[in-house]
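Next up: some structures, all given as C-alpha cells.
The two complexes that follow have chain A in common; it is paired with chain B in the first and with chain C in the second.
So, the complex of A and B:
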C-alpha cells in the first residue's frame, strides 16, 4: 500500500495502528497526533450527515445518531468531493441497522430529508407560462398523449409510515402526540421559488406524479393512478403541480415540437 | 499610436489594487445563515470568500444568494477538495467544475491548499499532510501547473496546519513552499493561524517560519481560531478548528507579518460555532485596522 493509502486506511479504521514514518519534534508518540486527523475526518463526516438528517437525529437522539453515523461513515466514506449530497445511501444503511429496528419509520424519514437536500440544490428551471397551459388544455384530443417535464427538484416518496406528519411535527408544524406513525403517507417534495416544500398527497396522486416524472403520458399516468384509487382527483393534482410551478415543459408527441 | 504600458512589469504600481485583484481590505467567509443579513445591510467589507465545493450544485438558494452578493462585493473562491498534494492525478472532472464556477462568478482570487484530501475513490474531507521531499515537490508542482493551465489563471497555495511530521521529509516547510512558488509561479495564501498552529505543534518559531516564506508572492492572508489539546508528552497541540475567535498570539503574528508584507487582503475564517454576523464583522474590522496601519508610511527609518 502507498504511504497515502496506509494513511487513509488508518483514518477510517480505528483498529489500525498509526501509520509508520510519522514523527513529533519532542520525540513523543505520534499516535495521539494522528488521532487528530482521524477525529477531524470522522467528525466532519458525522456533522455533514447531522446537517442533512436533522429530524432523523431528533427521532433517535444525538448520541444514538452519531454512533450510527460513525459506523456508516467508516463503512461508506464519501466518494464525491461535494459533501452536500453525502449520505444518499444512509437511509438504506439505517433500514438494515438492527439497533434502529425499534424505530421502523426512521429510514423513510431519512429518505425524506435526503430528498429535501436534493430539491434544495436542484437546477433552476422556469415553469411554463399560463398561455402554454391554456393552449395545451384547449386541445382535448391531444390531452391523453401530453407528456410533462417536471421541475428537477421534484420527487415523490411513498411510505408505509406517516413520514410527512412526523417530519412536520419536528418543524413545529403539528403536535407530535397526534401523529400515528404506522399510517401510510405519500410525500411530494419540491422547491417552489427558493423554498423546499414537503406536501402530503394521496397515494394515487403520488403514483400519478411519479409516472409523469418518468415521462409517462398524461393518459397513462391517470390510468395508473386510477388503478391505485378509482377516486383519484386528476384535476386537483394537476392544479397542485401548476400552482407550485412544478411543470417546466409540455410536449405532445403526435406533433413536431 | 503606441503605448509602453504593456512593457511594465505586471506588478508595477501594485500599491493600488488592480481590477481583478482583491482589495487591500478585510473580508469574511460567506455563510448561508448570513445571506439575508448581508443583503439587507450591505456591511462595509472588502470581499467575501466561498468554499468552491459548496457551490458546485446545479441551482437553488446558494447560487441565488451568491449571485446577488457577488453584485455588491469582490469574491475569493477557496477550494478544499482538489487534493493538490495527493499521490494520484488531479480529478479532471473536479477541475472542470472549478473552471465553470470561476467562469460564472469571476472571482478576484482562487486558492487551494498544500494538502491532500482524497485517496483512490474515497474523499476524506480533511486537509492531510505529506512529507516535504523531492517526490512530493515534483507532484505538487505538476498539480499546481495543471491547475493554472486549466483555469488559465494564477492560483494561490495555502500553507497547512499540521499535527504530525514525516521521517521522510528532507526540506523545511517554508523552503518547500518557496520552491513551489518559484517553480510554478503560483502565489502564497499565508494562513497566519496555520503558521502559529503548525509552529507550536512542531516546536518551531513562527516568526522565523514566516520570515522564511516567499513573502513577495503573498497575495492573501487567512486568520482563524484554533482549539487546544496536548500531545503524548504534554506539550501543546493546537488544532485548526475555525471554531473560535482569533487568538491574541495570532493577532500578534499577523501584525508581524504585515510589517514585512505591507497590507494584504485578509480573510477571517469561521466554519463552526458560527456567531451572529456582527461578531464576525467586528473581527474583520479589527483586522482591517491593523492592515490599514501597515499601509501608513513607516516612520521608524525617518
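So, the complex of A and C:
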C-alpha cells in the first residue's frame, strides 16, 4: 500500500496503528496527535451527515444516529470534495443496517432528506410561460406526444410509509401523534424560488410526474397514471407543476422533426 | 392505441392542460418573496454570503474573502448597484458574478 493509502486507511480504522514515518515538530510521540486528527476527521463527517439527515437523527436519537453514522463514514468515506452531497448512499446503508430494522421507515425519511439537499443545490432554470402552453394547446393533435422538461431540482419519492407526514411532523407542521407511519405516501420534492418544498401527492400523480421526468410523453405518462388509479387528477397535477414553476420546456417531436 | 382512442386522449389532454393553466394562475408565494429582492454579487463580507439555495444551506457563509465576486447576498431590489464594492470593476455590487480586481 502506498504511504498515502496506508495513511488514509489508518484514518478510518481505529484498530490500525499510527502510520510510520510521522514526526511531530517538537519530537513528541505522533501517535496521540494522529488519534486527535483521526477523531476530527470522523466527527466532521458525522456532523455533516447530522446536518443533512436532521429528521433521521430525531427519529432514532442522537446516540443511535451518531453510532450508525460513524460506521457509515468508516465504511463509505466521501468520494468527492463536496461535503454537501456526502451521504447519498446513507439511506441504502440504513436500509441494510440490522439495528435500524425496528424503524422500517427510517431509510425512506433519509431518502427524502437527501433529495431536499439535491434540490437545494440544483441549478436555476426559468419556467415556461403561458404563451408556450398556449402554443402547445393550439396543436391539439400533437399533445399526446408532447414531452415536458422538468426543473432539475424536482424528484419524486414513493414510499410504503408516511414519509411526508413524518417529515412534516418534525418541522412542527403537524402533530406527530396523528401520523400513522405504515400509510403509503408519495412525496414531490422541488425548489420553488429559493425554497425547497416537500409536497404530498397521490400515488398516481407520483407515477405521472416521474414518467414525465424521465422523458415519457404527456399521453404515455397520463396513461401510466390512469393505470395506477382510474381517478387520477390530470388537470390538478399539471396545474401543480405549472404553479410551482417546475416545467422548464415543452418539446413536440412532430414539430421538431 | 386505436385512432379513435388517440383523438379522445388528445381532446382530454387539451382540456386538462387548459384547466391546469387556470389552477396555475393562482398567485405564488415564493415569487412574491423574491420580488422585492435581488441577488447582489460582490457586496458580502467574508463568510457572510447567502447561497444559491438560500440561507442555511451549506454554501451560505462560505465566501473566503470580503467582497468576493462570485458570492452574493439578497438585498432590497434596486440597491445592489448602489452598494459600494471595493473589488468590483464598477466600484459597486453587480447583478452577475464578476472577477475581483485588487481592492
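In this text, the second predicted complex is superposed on the first by the 248 of 257 C-alpha atoms of A that agree within 3 Å, B and C clash if a C-alpha of one lies under 4 Å from a C-alpha of the other, contacts with A are read in each partner's own complex, and residues count from 1 in each chain.
Throughout what follows, a residue touches a chain if its C-beta (ideal position, glycine included) is under 8 Å from a C-beta of that chain, and two chains touch if they have at least 3 such contacts.
Bear in mind the structure is a predicted one, so any value in this text is a computation, not a measurement.
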item	value
Overlay on chain A: chain C relative to chain B, clash or fit	clash
Touched partner set for A:140, first chain B, second chain C, both or neither	second
First (chain B), second (chain C), both or neither touched by A:187	neither
Of chain C and chain B, partner touching more chain A residues	B
Contacts of A:130 with chain B and chain C, given as first, second, both or neither	second
Partner chain in contact with A:59 - chain B first, chain C second, else both or neither	neither
First (chain B), second (chain C), both or neither touched by A:245	second
First (chain B), second (chain C), both or neither touched by A:218	second
Contacts of A:31 with chain B and chain C, given as first, second, both or neither	first
Touched partner set for A:166, first chain B, second chain C, both or neither	neither
Chain B versus chain C as contact partner of A:45, first or second or both or neither	first
Overlap of the chain B and chain C footprints on chain A, listed as residue numbers	83-84, 119-121, 124, 191, 194
For the chain C and chain A complex, residues of the former touching the latter	6-7, 9-24, 26, 28, 30-31, 33-34, 52-54, 57-59
Residue ranges of chain A in contact with chain B within the complex	2-5, 7-8, 11-12, 21-34, 36-37, 40-41, 44-45, 47-48, 77-84, 119-125, 152-153, 191, 194
Contact set on chain A toward chain C in their complex	51, 83-84, 119-121, 124, 130, 133, 136-137, 140-141, 143-144, 146, 191-196, 218-219, 222-223, 234-245
Of chain B, residues touching chain A in the complex	53-54, 56-64, 81, 86-87, 91, 94, 116-126, 128, 130-131, 163-168, 201-204, 229, 231-233, 235, 237, 239, 272
